[in-house]
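We just call them A, B, C and D in the order they show up, numbering each chain from 1.
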């Protein structure tokens, strides 16, 4: 392919937050008709670089160039005029507005000074069709699942008919089907000569989709080269700075006979009358398309939403916990998927985030010992390799490190059953490896893990058994021997096949 | 191309009205409660359905409806105002001191509107640009504005031309007509890009800013419009009473919050609809008359009022959770 | 941790304290007092400043409850009504068998705490928004006042109450001593107990707090219960200071308590703040009121001056950091 | 017949009592006199029902409630107004419907009522000021305490003292303050003013519980009491006796309520009633303070000890021209 002039480029940009350098003299150039991968560990500075490119932040030094010309005052409206569209990692949607109104936000078609709903409907519909979003345009975004919202976010970017499309971890909350649609779409857009910048922690996606790669490590550029001739292992080496080990730990059965959780005819939210048994020492996966009720299963077990069951035994005591504190005292811990809203308190220091479950369990008026808390927190930070000053607010952490905090905070309670809701979403490979190893070690120590995941390889490589959920029921319980990505996807898609057959 | 534009014109209706219909979902429970009160009122007071009965009823609702809208707009942007009552008073005394003077009715009305817009805009700039908490800025503002009202008219007095009083608050449902116009104007505003930005600017300001929404402008505009609605309510109160009173608006501050929250407007911005706030204000107003006709003693009035307010908020929530 | 780290830590902590909002608010109080002492005759007299702090004690105690509620993500609009109910209702609990006057005080505190708990119940279990719940509670209490006000044919001759309102052990008004005790307890509970940590978590993100195992319902009830208790305590002190309760005696404390909390740097959105800021916030409010009183101006101008001063102080102390 | 009366309404009548705010003790006591009078009228077969509304202090709500009374077709309305101007138009409607309207205590600037019943606020201010000037021998430094700004009653009382104060330039006004008619804010304000103005010879208070607050402020700061004017609040009268004050007080008698109810029925019965019934200000001074205090136990501790009344008094008041 003929290399052409870059549409958008950063030249030697640097950025620091409160004196902490996040980017050091980084350059990147986005060329038309090319999908450019931006890789790096959590906190490497990828999102920050994007914010510089899109005008949401201004560089401390260095320049942003559009069509070869340096822009002096870059801002979001400026970027939009230049044809730059960004799919943010943090959703930029407004829940109370409809899909169409969100897609057009900030760039509404006008007629007589009013929003031209006719034109909006037409253009939003076109954008939605591109990404396979078929919900009515009037649906408030708040009613959509996380994955669908991500699709709205992408449609919103496409609506602007961009010349440069920047996607920050677009697939982290998408189902396999949605990911496939997106992949095809990006290929098509590339063919139309759009410059695409693609950030993902899923290396297989990157290998399959991208032509060029820039790797960031600790805010500096460690590679800027075509992807041709690079292996996944090579990419990891560039990101991490050393040889990668296997992503998944060696699997040994540590399953015991003791029953950790057993429910019969369990119903909660979308889940209807399911039976599930989890043994101590095993990792049970929960798979299926996004939004089939998997989350309600975990929340119901956890006492966070109303649930009922014909029979329930959790850690040798019968009955479901009726609230979260009760669940905690019975050895359950839950790590939510939406870490920003459900997992952490972003405005609070990392140390208080790490200590919160302990605070919730301690006698309410017992005097706290700050020194001891710090010590515990430092231990957890060390164990989970959480980078960052523990006294700083959790919002200063990168996504992956936030996820580690959300998991680590339960450890002081020594839970015997971990309920995990997509714990590796948006987490870099190195951190994933650490989390996987921890989960297996956790199981090996005689505890139980229930792992809800949208990442099918994860289910295949980590789990003793996988329950596939469809329409609020467990449609298939795959034992270790039968586990394969194909088997899980087949079970998850069953409904669609039947419908096609009918 | 022409085919596309024809079909898209047809779709205008469908998308716009479909969005509007979706917005009723959160407030349906409240609508039912309001309707029940409306029926009860009509049952207790048959004169409600005569021209003047309806006129008088809507007149007592009207100023509360305006201030509920004024508060709701601010709450949609994540703000709040404790200066609503003071602004109503200021609007009333300005109207009562200017309209019979050289400025005349038109000049007085213009002055009242300008003052409302101006004070609202200044408040908005202070809150938005200086990043100060709205609740205390407007608390401080309420003292300043109340002081100004006292300077304009140190004790109740002034006058409104009787024809204007009769026009706005006579035996015709003119107030209701004005309310309809105000609501239509609001719908029109919400259909402008700036107006629609209100929701995004309130709920997700960072995301909105990154999407190219003029967040600050949307919020400041909301404060200005809110100010205008308040002094407008003041003008109406002056017309309704035929005179000015520098403390007439005091109770509107808390009532406007009650009406807005009752109507499902959230405090975090971007949650709720104007129709909800209007229904909330209507409920508050209806409640007073219905309790009168039921012959409640003052003690019972206080207790029932508390229960109705809690019930109107709690019961729909329970129904939602049950579902 | 190395010694260098420790030294750095303590220096940065000192810096953190000096640049913190509560400290800033205290500094503003000091500044206003110094300037006012030069400008206004009699302002800087020890007796006057002591009186200001005594008045601030009442606001400060109400604000203690309000701070708890606001940090936990709520707001309490019933404090004024609760103060009034306490002050007006206390004589009704008088029993001749108890000459110390302690029983009625305990009874009133139990009653106001219970009122607060009902607020908490509505907020936590009925999920009524705090503004609505507490506003409705204030309305209920008006009804209650119609029943109890004027029913006290006996004067509030409660020795303990008049002691709290008038005595000056060691030259310090008893009200101030009560405030000091309250402040210490509140600061300890807020910043040095798991209960306090739960409040901050609830205010910053109720859903995350719930999923982390914080008992939301009981904590919410406790918070409003504390607010009811504090308002009751304040009611007893104002009753002592004025010798007689009356309807409306609590009215000034609603907006004052909210203003004190916000002037002290606590985020009205919840999750961030400290009572250490509400303390100088309360003193600041009383100081401004006193200054306005001695200015010879028409009521209109006084009101304008008062609002302008609050706004100016807010500019100095009340910046709200960007959230969300 | 009296104003507004058309003569088409027949006994027994329904009376509406449009209260502005029923929670304060003064209002409760007033309501008590109204209820007692209505009981009597019921026995006489003249009244069959009393409808009570409480506007919770909101003049707008009061208008709505008066409108509801019109809608419910009551025969008479007795009213304490929440604003001296706001209810004028709704009262005109009521008057046109032949409803007897007796407005007392807080009056409305309108002629569309059957009768207004009140003490004279102007005179109140004048007499209080006269007492103060006399007590100080025409020379001294005083504080002026007044009720809330923007309210006609407090404005009128203050205005009543104006001429006398102008005529006596040796009376120096150190400071003047407006607060709600309550003890606590008055005590706070006076304390601040005491520090700023150490030499004070007298306190001219225009009513309510302001005077009690002032006395407490002086007492708490260990200051000598000074001559002070006041009102019949029980707390103030008791302090007067306890501290041996040099004082003068008048009152807004709570039986204005009973009298208003009585007057409404008289008007409906076709009797002529004066458009304005001026209630002579009862004066409390050292000569009769003991009489008042002797009856104190019949009144709430936070209430007002009002002068005695009976039907004869009412008849006499109605007979005045």
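The definition used in the following text is that contacts are C-beta pairs under 8 Å (C-beta built on N, C-alpha and C of every residue); 3 or more make two chains touch, one makes a residue touch a chain.
By chain, with names taken from UniProt: A = Sugar ABC transporter ATP-binding protein; B = Autoinducer 2 import system permease protein LsrD; C = ABC transporter permease.
Because the structure is a prediction, the values reported are computed rather than measured.
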{"item": "Target chain D, source chain C, minimum contact steps", "value": "1"}
{"item": "Highest C-beta pair count, chain pair", "value": "B-C"}
{"item": "Distance from chain B to chain A - Cα centre to Cα centre, in angstrom", "value": "42"}
{"item": "Centre distance in Å when chain A and chain D are each reduced to the mean of their C-alpha atoms", "value": "70"}
{"item": "Between chain B and chain D, centroid-to-centroid distance (C-alpha), Å", "value": "35"}
{"item": "Separation of mean Cα positions, chain C and chain A [Å, integer]", "value": "43"}
{"item": "Touching two or more other chains - residue numbers and ranges from chain D", "value": "22, 56, 149-150"}
{"item": "Contacts with 2+ other chains: residues of chain B", "value": "149-150, 154, 204, 206, 298, 301-302"}
{"item": "Contacts with 2+ other chains: residues of chain C", "value": "142, 146, 298-300, 302-303"}
{"item": "Pairwise chain contacts, counting only pairs that touch as defined", "value": "A-B, A-C, B-C, B-D, C-D"}
{"item": "Contacting residues of chain A [partner chain B, same complex]", "value": "54, 56, 76-77, 80, 86, 88, 90-98, 100-101, 105-108, 110, 113-122, 136-140, 156"}
{"item": "Interfacial residue positions of chain B with respect to chain A in the complex", "value": "4-5, 8-9, 11-12, 14-16, 18-19, 21-22, 188, 191-193, 196-197, 199-200, 203-204, 206-213, 270-272"}
{"item": "Contact set on chain B toward chain C in their complex", "value": "82, 126, 130-133, 135-137, 139-151, 154, 204-206, 254, 257-258, 261-262, 267-268, 298-303, 305-307, 309-310, 313-314, 317-318"}
{"item": "Residues of chain A that touch chain C when the two form their complex", "value": "302, 304, 323-325, 327-328, 334, 336, 341-348, 352, 355-368, 409"}
{"item": "Residue ranges of chain C touching chain D (in the complex, touch as defined)", "value": "40-43, 45, 47-48, 51, 55, 88, 91, 142, 145-146, 149-156, 166, 238, 241-249, 251-252, 289-290, 293-294, 296, 298-300, 302-303"}
